[in-house]
């Protein structure tokens, strides 16, 4: 498969380029970015690109995707900033090019996706569940976006299964000791030098606990998910949101 | 639901009795065991038992189950010693009583079942996977039966998905340093005073790891699984092996 | 050594009795408590008791200790409620019986004591440190007393070494996400069914973390500390507060 | 303090240069290595270097150190290959320059040093102890050198304290399931993609465990130890082996 990378000069894009070049079944034929030595969008068709990876910027990603869809080029997109309006626009373009596939995913880490999935799947079977996320101390927000999303998925799964609230007899506490409350699920954020990005979901019932932990130690952790996306995007025409369905998780 | 417990004087059976009595939707009406103050099998029909739990002994469990199936009493069975021949015999009895359900499960811990399930489901998405089990030092066998079973499930899932062997560049090692090899998956057994029964599956790909850990801290950890079995056995006529299908895991 | 147990009918006292009976170098010769079949304090001298263990009640412990010190009986005390006034009173009694040793300790778990000790010792060598405690959900207070004490010891060790504040760039957060602040150290409390009593201290510097974790899985965890106290109390005349000095930790 | 770095073009040396430059109290004035744009040893005295860091090669380190000691320049040495003969030679040179300090250390990670230290200190207080090391799968040896050294330190501490053998009732096991035996202590080595270098020591007694874990996530983890060495080497004239004594650990 002939691949183009949009945003090829960025930190993430550069890792994607390395990973595509290292994969035997993929060929990197275009590297588009701003700057003198970069290709432009025209190069995609000139060089017969079949699928692109886009890690660019919310300001340019829609133009990139319109161009790709119009030319029947599949796209795997990690750029942020997609709201319902943008997704609807994308669906409209894809209606006119029904054989083309676009995958928009907020997260390409297979480990993070499985952690969230397993946590939500297990949550109705246990009385208790809490989320702990651990990051380097330069991070600006707490809890992390992934932890908040995990807690919401857990809360939704429990609501659907008719689970009651998690038990908690705390009657006296210091402010903050029991963490933040996200839809009834407690979330704790640690900030420790030396850490990268880590998350743990602890579920418990009488006499046992189940812990699901994801450790992200290096930026390259998203590359297997991007390659998986490239290999499967042609088989998923239309718009797909989230890598989950490519993982065989309904 | 009117419940009888077979093996009610055993350690496990006694916990089951306590759990049934504590459940609002279940009524404990018969406690069968050997000994003066125990009920006998006849009590099951006299008292209108709808479902039994059997934690007895391989020597008596088949007689117990024949009696139950003949009388249309559902059964949730944790007694060991079931081979294919016994399961076939059970199926034969159940053919003659098609509305009756029997669940035979080697493990009623929801946490242990989900750990094995998630490990096998995730294994094809990562290059590496190893299993560590940790128990008290009075345990006679290493690795534990659960760890061996987990490794086999992982190996089978990888084989089915066409995953290659796990990477390992070890060229010089002390005997045993890399653990035991179970179907190509490394399994490590720790024996430490103070521990009860714990297991961790560590999966890893470029830049990230996913860890699934089960801690069993108290014998009561199987009771939620037994109660789940009692509540669903009537809805699953015929023979079911393993609690997995009651958990909505195909 | 001939041992008496005061509070022998309590949950903790009963475990102490079992542990003393199982120890080859200790002989349990008196079990004092309220109730018909218990010994009284007079039995201690009648039976030649050399050292007692006291797990009774703040209301009676001072009378017990006055009696023991007057008769030259060493004492290992786990009963709570000791303030400076009580410790001064004890010292006064011991001045009059200079060969007698009394150990008053709030915690006999060797694991918990070492965890706190190591955490405080390591804290000045790392930029970051946070405390996580995990307990069953029936616990009334958060954070736990041990976690609060650990954070204070860490803060004191850092202040003495001239360490600066821990780094934290958090600018937007949900209430509670970053835990409670105890003397500048963040403390997080989890409440999960199935857990008993657990604590983790995570320290971090550039590129590395050091984690010290204590898991208390069973009430018997204090018995090795009590036996250690009994074996060493005669060699430590006068008042000793805390098991630390018996552990060779200054 | 005016600092020179020997081996400044190597991976480790380059990190040391960055760390020295970032430290307010240290000034990087010479970068010695082979190659056109490097300084030579003569630059050390010309530029008034007070202390060097040496991460070079066993073939050149002794020449480097003779030069430094002769000129009264302190040295912090991470180069490998020091045996008793080399250390004796070094002591001889230092006798002739009694105000000069040389620190030779096999490990500059404060976290790793404290892990080993705490493990050995705690080991006599627990019945059981095992070591688990976890590394990326490209590592050639198992167990790791650090794990072997940790096990030996633990075994020595237990022997000195008169501790008995660790309990283990294993009677049937798969080859390797119980790990490698290093002086009677079990050591387990995991190899998982995504990991860097990690080690865990698990100690246990009745009802409790104490776990000491070190995670090394990035090569920079040794830099705080090197800076600590630079800041203290002048206050430790003569030869010091191991960073431990600089850490106030006897």
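Order as written gives the chain letters A, B, C and D; numbering starts at 1 within each chain.
To be clear about the criterion, a contact is a pair of C-beta atoms (placed from the backbone, for glycine too) under 8 Å apart; a residue touches a chain by one contact, two chains touch by 3 or more.
Small disclaimer: the values here were computed from a predicted structure and weren't measured.
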item	value
Identity of the chain that, by mean CA position, is farthest from chain C	A
Numbering shared by both copies at the chain B-chain A contact, with half separating same from different	same
Interchain centroid distance [CA atoms averaged], chain A/chain C, Å	46
Mean-CA-position distance for chain B and chain A (Å)	35
Where chain B and chain C are represented by their mean Cα positions, the distance between them in whole Å	39
Multi-chain contact sites of chain D, meaning residues that touch two or more partners	126, 194-195, 203, 205-209, 215, 217-218, 221
In the complex with chain B, residue positions of chain D that touch it	126-130, 132, 134, 137-143, 148, 166-182, 186-195, 202-209
Residues on chain A engaged by chain D in the complex (per definition of touch)	194-196, 215, 217-218, 221
Contact set on chain B toward chain A in their complex	109-112, 114-115, 118, 121-122, 125-126, 203, 205-224, 247
